[in-house]
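Note that chain A is present in both complexes that follow, paired respectively with chain B and with chain C.
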Partner chain A sequence: MASLAPTFGRGAMTNTWQDIKNANLVVVMGGNAAEAHPCGFKWVIEAKIENGAKLVVVDPRFTRTASVADYYAPIRPGTDIAFLSGVIRYLLENEKIQREYVRAYTNASLIVKEGYGFEDGLFSGYDHEKGQYEKSTWDYELDEQGFAKVDDTWEHPRSVMALLRKHVARYTPEMVSRICGTPQDKFLHICELIAETSAPDKAMTSLFALGWTQHSVGSQNIRTMAMVQLLLGNIGVAGGGMNALRGHSNIQGLTDVGLLSNQMPGYMTLPKDSEVTFDDYMKTRQFKPLRPNQTSYWQNYKKFFVSFQKSMFGDAATAENNWAYDWLPKLDVPLYDIIKAFEMMNHGQMNGYICQGFNPQQAFPDRGKIRRGLSKLKFLVTMDPLDTETSRFWENFGPQNPADSAAIQTEVFQLPTTCFAEENGSLVNSARWLQWHWKAADAPGQAMSDIWIMSGIFHRMRELYRTEGGVFPDPILNLTWNYTDPTDPDPEELAKDMNGRARADLTDPSGAVVKKGGQLLDGFAQLSDDGTTESGCWIFSGCWTDKGNQMARRDATDPRDQGIAPQWAWAWPANRRILYNRASADVAGNPWNPAKPIIQWDGAKWIGIDVPDYGPTVKPSESVGPFIMNVEGVGRLFARDQMVEGPFPEHYEPLESPAINVLHPKVQSNPAVRVFADDRADFGTPSEFPYVATTYRLTEHFHYWTKHARINAILQPQEFVEIGEALAQEKGIAQGSWVRVRSKRGFIVCKAYVTKRIKPLTVDGKPTHVIGVPLHWGFTGQARKGYGANTLTPSVGDANTQTPEFKAFLVNVESVNGPEA
Partner chain B sequence: MDLTRRGFIKLTGASLATSSLSALGFGGSGAALAEAVRPFKLTHAKETRNTCTYCSVACGILIYTLGDGAKNARSDIIHIEGDPDHPVNRGTLCPKGSALLDIVHAPTRLQVPKYRAPGSSEFKEVSWDWALNRIARLMKDDRDKNFIAKNAQGTTVNRWLTTGMLAASASSSETSYLTWKVARSFGMLVFDNQARV
Partner chain C sequence: MSNLQSQDYIRISATTVTPPAARSWEDQVAKLIDVTRCIGCKACQAACMEWNNLRDEVGFFEGTYDNPLDLDPHTWTLMRFTEYENPKGDLEWLIRKDGCMHCEDPGCLNACPAPGAIVQYANGIVDFISENCIGCGYCVKGCPFNIPRISQADHKSYKCTLCSDRVAASLEPACVKACPTGAIMFGSKKDMTDWAGERVIDLKSRGFENAGLYDPPGVDGTHVMYVLHHADKPSIYAGLPDQPKISSTVEFWKGLLKPLALGSIAFGVVAGFVHWITAGPNEVQPEDEAEANHLLASKGRPTADPSRSIAEETP
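Then we have the complex of A and B:
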């Protein structure tokens, strides 16, 4: 969520699933909720039926979401920024923004430094050699007190609003249509529908998923819509928001707990090489407010950090050793992401890899490269309930996995694990709810939990370091491990670790003891930076208190039936269900939409159905902004230095594209993207691969898991691609016949489904065909053997997150004879 | 009477046991009806609240198991359905969630640890102890050989790049927290999960 955090301060879905019913307009773009999130999508139908909402879908395919839409428009894959920048231009030109909201709750009025600029596709500060920006000009002009200067009239030529107007001026309806292939009339009709929600009491919700993230400009796709929503005053309100529909049951949780190369729990970050000392590290994490009276909650970073280190290392983390700062690994590059990991493997720079419930052989781009990389490892450990392709990458399954077993020297361990039904624990859903679940039965055979396996590896490693010595054993020998059964810690104990506890008696200003040493904390407000508290994941603090397991709560009571259900499970932060809910009320504290208030000022305190963003007695007159994690306290239309490719979004073509970037032909694709040389050599050109391909899920399948489940394998047994009627006719491809789809990286042979749902688009005057590639097949499980969509996809990621560009690449297609039965 | 569907099943279960449905307002006909109805199989099952393992809607589910939890009785999951009390899914499940029973009992569920030796074309069954000892040995040898304590500038960096890990986005937050602790205590940086995709 490297797009929402730079804009709003937190990288998570803003509202709840049920809150979608409060929307007046639902825009599904960059996702297909009806098929990928069916039971959440019912709230869209509820909005249509009960609230008179309109549903708009913009997608390359006429999806099942589109089939129940009030209005549908097609778009070429990889051009969403152009479409949405055109929407912004429309809103500004036609005065369809919620001015009071924009003035008070966004950085529209802030003045940007002299020196900032944008010309011919590049922002100021570009280093052509490094392919990176020096971003110092992407910031505000500050006054003597260090606060950002402001022009509330937006007349200053360097006010964010003036710069934004100038930036989007190029995205006329003609230009949008030329780039996206969306007919102008359809684009303009959608602009009109969106513009209606600029009324203070009208809300639009944006529902999106991997259709936006899986692009080389993925983060900026999302940011562009986040900006639209800020301009319309749709963030923080009922029925509004940026609702990132996350794909896996605990993908939000694993992000929250920081299981990403550069992350620590609670969105803290690991140190870089340049942050030599703890003081250096803290210097870049001061988060001094850039406007008067702002919360800038990250000012408490040191409290979260010290409490975390105490949770990790207990008494061994002391003020004297800088809370064991040196025991954390430092990064010499921004990320060791998965694309980089497989690049390293292919160059013989990695020896071991552990895949816990993750199947990169199918799930990562360029399957051939993945197999070659795994083949160069000394050892591979897989931990999974299912027989994955990754664990069998070395086995010859014919054209779907042409491995030469004898030549592959990798030792492979296939470890059987429990599944959801066989363990206790919590999962964080898309709406940040931590829901506890309970074990229903024992696992089959000798399968064991991931907790038991990870503990088993850890104890053996620690024992080896104790007996043999070895390199830098300190963090291993000092890791806190206070569990009743050290070989198999209880999930309950781990949950309490994350919540945190007092390590000494905590007192209030009067000296009264608030918490006794050892007691569980009530929330992160009790954390301190002097070593007297510990918490493994500060944003989860409050999930398991002295009152018990808050995540196990199952009271579905819903005040005013507004879709909050505040006593069902527990939500981070602080059980807040709608993020930035302060923005649901105007500057004086009165709700923008009196029919659906979330919180409001009653003259003495904030009251309402949700936990307010900040203290309940902070007066509206103090002008404390709703975006408390941002140093400005407001939402960012201008992202400062938070994005690698620019403070405003700009349309760049996918790395494989059928079209020239008509805005700036010299800067065709994202100038800050990272491409490894051998991957670049594997990009195809439109002359050889003339068709745009995009990958997606089917409603009957979940990734590469459900082909192991009988009913799902029966429902969708056979690998296929979707081809529009026009292209099928042109290529002589009959309904249900065999085709070979090729990219520069490989080919798949599968069935063709000829459909009316994909129609050719006219892009810059030329007809452009799109081929749909559902992703679910492989060579293990009960469905028919298949290749998998990622045989075709390119190994390049979003410039900020390195999320692979699965949604827009080039292929060719031809009719072939079927494989011999 | 305000009854949730769950309550209804519980109540009918209890009532069937006493051959009376009068609590439900069925009056005198209740006893006869109860005797005529084959006892509903789920009334004998243990009900456990859980969450669907697939997408992030996080639908509430009810898992029904046979087996009373006695020490020597192995419980068996016989049915999974949507939790009607859940505020988001309200009892519904999608084509994936409806088939959860089939993933729990998939014929390709792994049962025992297996090992594939270099150059081999097959897996062999091994014991947990053997597998974990071997993994720890390989990891420690690699870490000791390739750990980077200081970079070229002499800065303490304490990182281990030659072994990496992918964590599981369907595992619990508790599992992920323990995984984080272990991986980072070794100094791992090549460390990601499906959120990267």
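Then we have the complex of A and C:
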């Protein structure tokens, strides 16, 4: 969530599924909610039927979501920033922003440093050698007290608003249409619909998913819409928000507990190599407010950090050893993401791989490269409830997996695990709810829980370190492991670890004991940096308290029938359901939309249907901003140094594109993107691969799992691609016939679905065809064997997160004879 | 297929006597399929397979999202997808859940020559009672919606039961329960008609001037109804009949020919009995056995269900 956190302060869906019903306008762009989230989509239908909402879909294809939309417009894959920058320009030109909100709750009025600039596609500070930015000019001009300077009139040429106006001026409707291929009238109609929600009592919700993230500019796609929503005053309000619809039941939980290679639990960040001491580390994590009176809640970073270290290492983490800071891994590169991991495998730099609940042979780009990488390993451990393509990568399945088994030396350990229904535990949904679930059945055969397997690996490794020593045994030998059954900790015990406990009696300012040593904490407000508390994931603190398992609550009472049931499960942080809900009220504390209030000021405190995302008794007159995690207290239109490719979003072409970047031909694609040399050599050109391809999911399947289930296999049995009628006619491709789709990296042979739902777009005067590649089929399971869409996709990721660019790349297509029966 | 009992019958195939309405207090039920809020997710299809224990073969991609390609004895409901370009030139993707319409005046029941093989309950559901089915296929001919399918395995006719077993236990049909967007609703026919009226008002306000309820009078209305954006053109929804009615052949059969034909069947039975009495039973000769075994061997397997073999032959 490398776009929402830089904008609002937290990397998570701002509202909830249920809250979608409060919207006046639902925009689905960068996603296909009806197809990928059919159950959650009920709230869109609810908004339409009960709230009279309109549904707008912008997508390269006429999708299942489009089939129930009020308005649809096509767009070329990979051009969303141009479209949305055009929307921003429209809103500013036509005075369709919520001025009072923008002035008080965004950084529009803050003044940017002299030296910041943007020219010919590059922001100030670009290092052409390194392909990276030096970002010191992407910041505010500070006064003597260290606060950002302000111009509420927005007339200062370096006010964020003035710079934004200048930045988006190029994105005229003509330019948007020229880049995106969206007809101008359709673009303008959507602008009009969006602009209507600038009224204080109207809200638009943005629903998106991988259609925005899986681009080399993925994070900036999302940021552009986040800026639109700030300008409209649609963040923090009922029916508004940036709603990142998560594709796995627990993918929000994955980032929450810090499973990304540069993260720690609760969105703390791992130290860098250059941060040798704890002081170095904390120096850049002070979060000193940049405006007077601001909360800047990350000022408590040290409390979260120390409590985490105490949870990990217990008594071994002391003030003297800087809370065992030296035992944390230090990053020598920005990320050890999966693209990097497979690059390293291919160069013999990574020799073993534990692949837990993950199927890279099917899920990661350039399938051939993935297979070659796995083939060079000494060992591969797979942990999965299902047979996966990854665990069988070494087996020859014919053209769909032409492995040369005899030449592969990798030793593969395939460990069957339990699935969610065979164990207790919690899942974090898109809306940040931690929902407890109970075991429904015993696991079949030899399947064991992930916890049991990881515990076993840990105990054996620790024993080896104990008996044989090692280069750096301290973190392993000192890891806290206080569980009833050390070989198989209970999910309940682990959940309590995350919540955290007092390690000594905690007292309030009057000296009264509020928690005895060993008691579970009530929430993260009780955490301290003196070693008297521990918490494995500070944002989860409050999920399992002395009152019991809050995640197991199942009271659906919804006091205002507004989609907020505070006693159903538990949401981080602090059971707040709508993030930044202070912004649902105006500066004086009265709801912008009296029909759908969330919280409001009653003269003494904030009251309402949600837990205030704000100091509960902070007076409106104190001018504390609603974005309490941000040092400025306001939402960021200008992202400072938080993004690698610029403080404002800019349109860059996908790495494989049929078009020249008409805005700045010399800077064709994202200048801060990381591309490995052999991957770059595997990019195709439009002369050889003239068609744009995009990959996606179908509602009949869940990723690569449900092809193992008979019913799902019946409902969508076989691999196919979607081709527009015009292109099919040009290439002599008949409905349902066989085609070969090639990229520079490989080919797939499958059936063709010739459809009216994809039409050629006119991009910079030229017709541009799009080919759709659904991605569910592989060589295991009950559905028919398929080559897999990742055979075609390029190995390049978003410049911030390295999420692979699956949504826009180049292919060619030809009609072929089917495989011999 | 049902927990309902014969007391609930209001019509019985091949029977001229209308049963006494022992349980006539039952509400007329209806399933309302709101095509305009359907996203084509096929949860209804999956639920139908789950509840009724039906599993078709894993098929092939045939240039459409309609999977399986057609209704069959294992597929009692099917999403049918149509790419329709409206007169304004805009694309609409029309998605219709196909299956038995449970006609108030059921063509299948009228056509059926097997006594008690097709019945209608007081709540309006039209059900096939398999043990009475003779697999003649007249119901297929009689249906104005082309719904029933004859199984090649047991030579009986199958179609959606409107989950008469669930409805008898006061549950909604499985497809209704599974639908994530509320596009399939179930209740009394009156409530469903009223709700459809509200939906039509909303659709008209969104520019669908011809939105309406599909409850065709040609079959005296149906117990499965559709809300359509274009109720003036039902046939654009994958061939939903514009004006369904029972074919004149069936009407003829029902009115005049059926008593005659039943008479001739009765004559056949009597004549057969007389022949058996006078000429003795027809016995199987050794050469008949040999011929039968030869036929079986040439198919390479016992007489098993032929529909099960496709996947096994093409792994």
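By definition in this document, the second predicted complex is superposed on the first by the 821 of 821 C-alpha atoms of A that agree within 3 Å, B and C clash if a C-alpha of one lies under 4 Å from a C-alpha of the other, contacts with A are read in each partner's own complex, and residues count from 1 in each chain.
Operating definition for what follows: contacts are C-beta pairs under 8 Å (C-beta built on N, C-alpha and C of every residue); 3 or more make two chains touch, one makes a residue touch a chain.
Values in this document were obtained by computation on a predicted structure and should not be read as measured data.
Asker: Looking at the overlay, what does A:T255 touch: chain B (first), chain C (second), both, or neither?
Answerer: In the superposed model, A:T255 contacts chain B only, not chain C.
Asker: Who does A:S405 touch here: chain B (first), chain C (second), both, or neither?
Answerer: The first partner, chain B, only.
Asker: Quick one: is A:D70 in contact with chain B, with chain C, with both, or with neither? Answer first, second, both or neither.
Answerer: Once the two structures are laid over each other on A, A:D70 reaches chain C alone.
Asker: Which of the two partners, first being chain B and second being chain C, lies in contact with A:R285: first, second, both, or neither?
Answerer: Once the two structures are laid over each other on A, A:R285 reaches no partner at all.
Asker: Could you say whether A:E700 touches chain B, chain C, both of them, or neither, answering first, second, both or neither?
Answerer: In the superposition, A:E700 touches chain B and chain C alike.
Asker: Residues of chain A touched by chain B versus by chain C: which partner has the larger set?
Answerer: Ranking chain B and chain C by residues of chain A touched puts B first.
Asker: Go through the superposed model and pick first if A:K149 touches only chain B, second if only chain C, both, or neither.
Answerer: A:K149 contacts neither chain B nor chain C.
Asker: Just checking: does A:R784 make contact with chain B only, chain C only, both, or neither of them? Give me first, second, both or neither.
Answerer: The second partner, chain C, only.
Asker: With both complexes superposed on chain A, which partner does A:R740 reach: first (chain B), second (chain C), both or neither?
Answerer: The answer is neither, since A:R740 touches no partner chain.
Asker: Would you sort A:E719 into first (chain B), second (chain C), both or neither based on which partner it touches?
Answerer: second
Asker: Under the contact definition given at the top, report the residues of chain A touching chain B in one complex and chain C in the other.
Answerer: In chain A, positions 38-39, 42, 699-700, 710-712, 715, 782 sit in both the chain B and chain C interfaces.
Asker: In the complex formed with chain A, which residues of chain B make contact?
Answerer: Answer in residue numbers: 46, 48-60, 63, 65, 67, 74-77, 80, 82, 85-89, 92-100, 102-104, 106-121, 123, 128, 131-140, 142-144, 146-147, 149, 151, 153, 155-182, 184-197.
Asker: Give every residue of chain C touching chain A within the complex, in rising order.
Answerer: That would be residues 36-43, 45-46, 49-50, 55-65, 67-68, 83, 85, 90-95, 180-183, 199, 202, 206, 314 of chain C.
Asker: Please output the residues of chain A touching chain C within their complex, sorted ascending.
Answerer: 34-35, 38-39, 41-42, 45, 48-49, 62, 64-68, 70, 72, 699-700, 710-720, 735-737, 750-757, 782-784, 821
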